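I've put the structures underneath this note.
Each of the next two complexes has chain A plus one more chain, namely chain B in the first and chain C in the second.
On to the complex of A and B.
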């Protein structure tokens, strides 16, 4: 196997990741609790009961509708809402049976169900027409907590929903680009240090070419994700700008290479520029985003992702995806390198015939 | 002539560096049309901005235009090849100079030249575009930020200029290679300028100046280390 490890390992891991991505279901979550404007009259009170419409995502409410509990929470206060009717697995009509005087306007919504376990919708209920007195406390209630009985699933994330599968495509592209640009960086240093032959120069050219491809793929997958979560194909954000500028810098490297005919000079000049380019990559993607506001996940410290957003199911797909894409990147780089060497050899043989 | 190898030249000496810097200035002031061209470009750029945005530009536009004018003036200043960059001149200088003296002299010259141009840009800008958003103290901090930016640009562009000339590319190649690399500097500078214009206290935005100083130090060090590889044949 030997040199085939990159190809076989990469494709095996990516095949496994794609099976995971297309077969593992999403976990349940809560989408919204919206006011319908209707009200039902209560039996023991003269005030009408406002009716709300609860929408879930991937929940199983119709299997045990009588076990569904809807609880609202504000600080330590808990209160139960009435379930008027469970319409189907993901829709239910809820009566907001809260008193007129409340300790808070904004409430978290918690749903308890024997299959889904406990689901949380932060600040899901906002009551503007009540009397607010923060010193009030609501009477304590008893809650039956359920353990979720769910198959292996990806975690529910608000706004991201099913596109969380893009994590296995978008993030590894940048990791692979980092690795390839790192290879090019080391090759450039070696090229400057030895300067005798052009082997290291060929390496850095091949690595930058493949790294640029992964950079473009990272931009494209990121653009799709931005369209879904932020509503636009491109937004003005330090992380996105940094990524684009990095790709531009390395495109400049290719322009520089193409504008030079003298091979030893090209090797030296492009190696020098490549060192600048790698430093800029580090500054733009790892340093600057830490000091600026950003929409991109994991800002304010870590420009990648929050470790607590990853659960065991995501890890089982994400880590193999990272390693697999890096293997594929290295495989492509090695093919590119061999191709360049063969091309050079062929040109030399061809020329020597005349 | 000694063995003809570039690295056989004596190690970098301070006196040769000072001489080269003075030589660069002497050459610049001898052909006054080059210097006049740079100043004219800066003033024309400011006047164009004034025609486009008017004197009542809001703080964000003011800030953006100021940095763009500074950026283009800097690129204009480094776009001119030096007589010493001609191949036959270089193949002579290789034997009498250490390349590190040369790059240091170049960086110093560009830093001073860009500082001067920054002064002109700043004065012209406040004259034409107004300075309602800047009190006297804030104008001083804005000016300091511009000076720090011009030094950071000089330390990078001295290197990029040589790179582009060695690759037989003109102004186009300097722009293609230099503009993406200069973007971090411009990002930090615009953020600093916006903070100053918005009245953020200096202590809260001084870290941007520190970033700029770090970047110029980093670019300068990279240039100092790598320049001999560019210069040799």
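On to the complex of A and C.
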């Protein structure tokens, strides 16, 4: 039983990840601040107050609506906007009570609320009809800052929204594929060193087969994610194209194997091919995308796994997902290897009887 | 297909119809059943392989 703990552990981790993925709520965020085109007459001024519509995501503005503060920020300038009406938890009418002369056209929008804490919408307000003088400074304002009182939640990220949950499926598929292709790479080196023994060739074949499965799953989950966040099933991106080419290169490895009948020759040729395939995998997935512009997180100079992309809530599900899928992948590889060896042994036993 | 999906998403945002209505729990239950089923299938496959390997080994030993 002791030596099987990692197998049970792998499935237990993935079960835990599934529970997290489907039960942990999303944190609140700001979607947009849009101009309604209407204007409200101010009580203490003759100038009409342009009215904007603020839309939140998973916010709780209906509770304590009088405590909702909307602030705009440009560099060190801060100004409070007027909350005309809180319509429901996620919608409010806002009056943009800014002077005609401003230091900037573009403003970040921040809200502060006793439940949601501080939320930010970068460049959420753009005022094209104002006089801009960058030397201007707005008078200081007083803000009562509330800390968020929220249960355990996944972070809100613009555009990604609920699809952040796919992180626990998509990224571990590639990690598992890397591990399995790494096993195949080591086996291929050993195979070339011990040309007569085909055991390492069997290992390499089994690892690539299972690794390819995870590669295809990575492509499918990535394509779904791209559709929801970028609006297309596939975009011309170095990371995506690199992943597809890598999977095709490894598919070529399987084609090469199946095209050769001579077992020692097949083992030697496919081992050499596999060495190059692994180097191509590293170059296409880990090196080249970092030198080019890419939509994909972690590429184009945008580090993937830092505090911007992963917070402690996501890490609590993401790391177990990576470990769990790798354990399952390795178990699948071992079963595949044993099955292949048994099949060969049975064929050999059957042949030796005649 | 694309436009149908866009209409569906606009009409029923994910947080409303999937998480808000409890459908996510149904999907979770199905996902867990599939996962446990897959795990048991792998366990059984490994046990069978083990017994077949043992049988073949003993058969080969008898023959030799």
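As a convention for this text, the second predicted complex is superposed on the first by the 341 of 354 C-alpha atoms of A that agree within 3 Å, B and C clash if a C-alpha of one lies under 4 Å from a C-alpha of the other, contacts with A are read in each partner's own complex, and residues count from 1 in each chain.
By our rule, a contact is a pair of C-beta atoms (placed from the backbone, for glycine too) under 8 Å apart; a residue touches a chain by one contact, two chains touch by 3 or more.
Bear in mind that the values here come from a model prediction, so they are computed numbers and not experimental data.
**Q** Let's test your reading of the overlay: on chain A, do chain B and chain C clash or fit side by side?
**A** Because the two structures are overlaid on the shared chain, the partners are seen to fit without clashing.
**Q** For A:288 in the superposed arrangement: first (chain B), second (chain C), both or neither?
**A** first
**Q** Applying the touch criterion given at the start, work out whether A:132 contacts chain B, chain C, both or neither, answering first, second, both or neither.
**A** In the superposed model, A:132 contacts neither chain B nor chain C.
**Q** Between chain B (first) and chain C (second), which does A:279 come into contact with in this model arrangement: first, second, both, or neither?
**A** Touch partner of A:279: chain B, not chain C.
**Q** If you stack the two complexes on chain A, which partner ends up touching A:19: first (chain B), second (chain C), both, or neither?
**A** Once the two structures are laid over each other on A, A:19 reaches chain C alone.
**Q** If you stack the two complexes on chain A, which partner ends up touching A:140: first (chain B), second (chain C), both, or neither?
**A** Neither partner.
**Q** Would you check which partner chain A:161 touches, where first means chain B only, second means chain C only, and both and neither mean what they say?
**A** second
**Q** So in the superposed three-chain picture, is A:338 touching just chain B, just chain C, both, or none of them (first/second/both/neither)?
**A** Only chain C; A:338 stays clear of chain B.
**Q** Tell me, in angstrom, the smallest C-alpha to C-alpha distance between chain B and chain C in the overlaid model?
**A** Minimum over all C-alpha pairs of chain B and chain C: 30 Å.
**Q** In the superposed view, which residues of chain A touch chain B and also chain C?
**A** Of chain A, no residue contacts chain B in one complex and chain C in the other.
**Q** Residues of chain A touching chain B in their complex?
**A** 192, 195, 238, 241, 245, 248-249, 252, 255-256, 259-260, 265, 268-269, 271-273, 275-277, 279-280, 283-284, 288, 291-292
**Q** Can you name the residues of chain C that touch chain A in the complex?
**A** Result: residues 5, 9, 14-15, 18-19, 24-25, 27-28, 31-32, 35-36, 39, 42-43, 45-46, 49, 52-53, 56, 59-60 of chain C touch chain A.
**Q** Could you pull out which chain A residues touch chain C in their complex?
**A** 7, 11, 14-15, 18-19, 21-23, 25-26, 57-58, 161-163, 227-228, 331-332, 334-335, 338-339, 342, 345-346, 349
**Q** Touching residues of chain B toward chain A in the complex: what are they?
**A** Chain B residues touching chain A: 156, 159, 163, 166-169, 173, 176-177, 180-181, 183-184, 187-188, 191, 207, 211, 215, 218-219, 222, 226, 229-230, 232-233.
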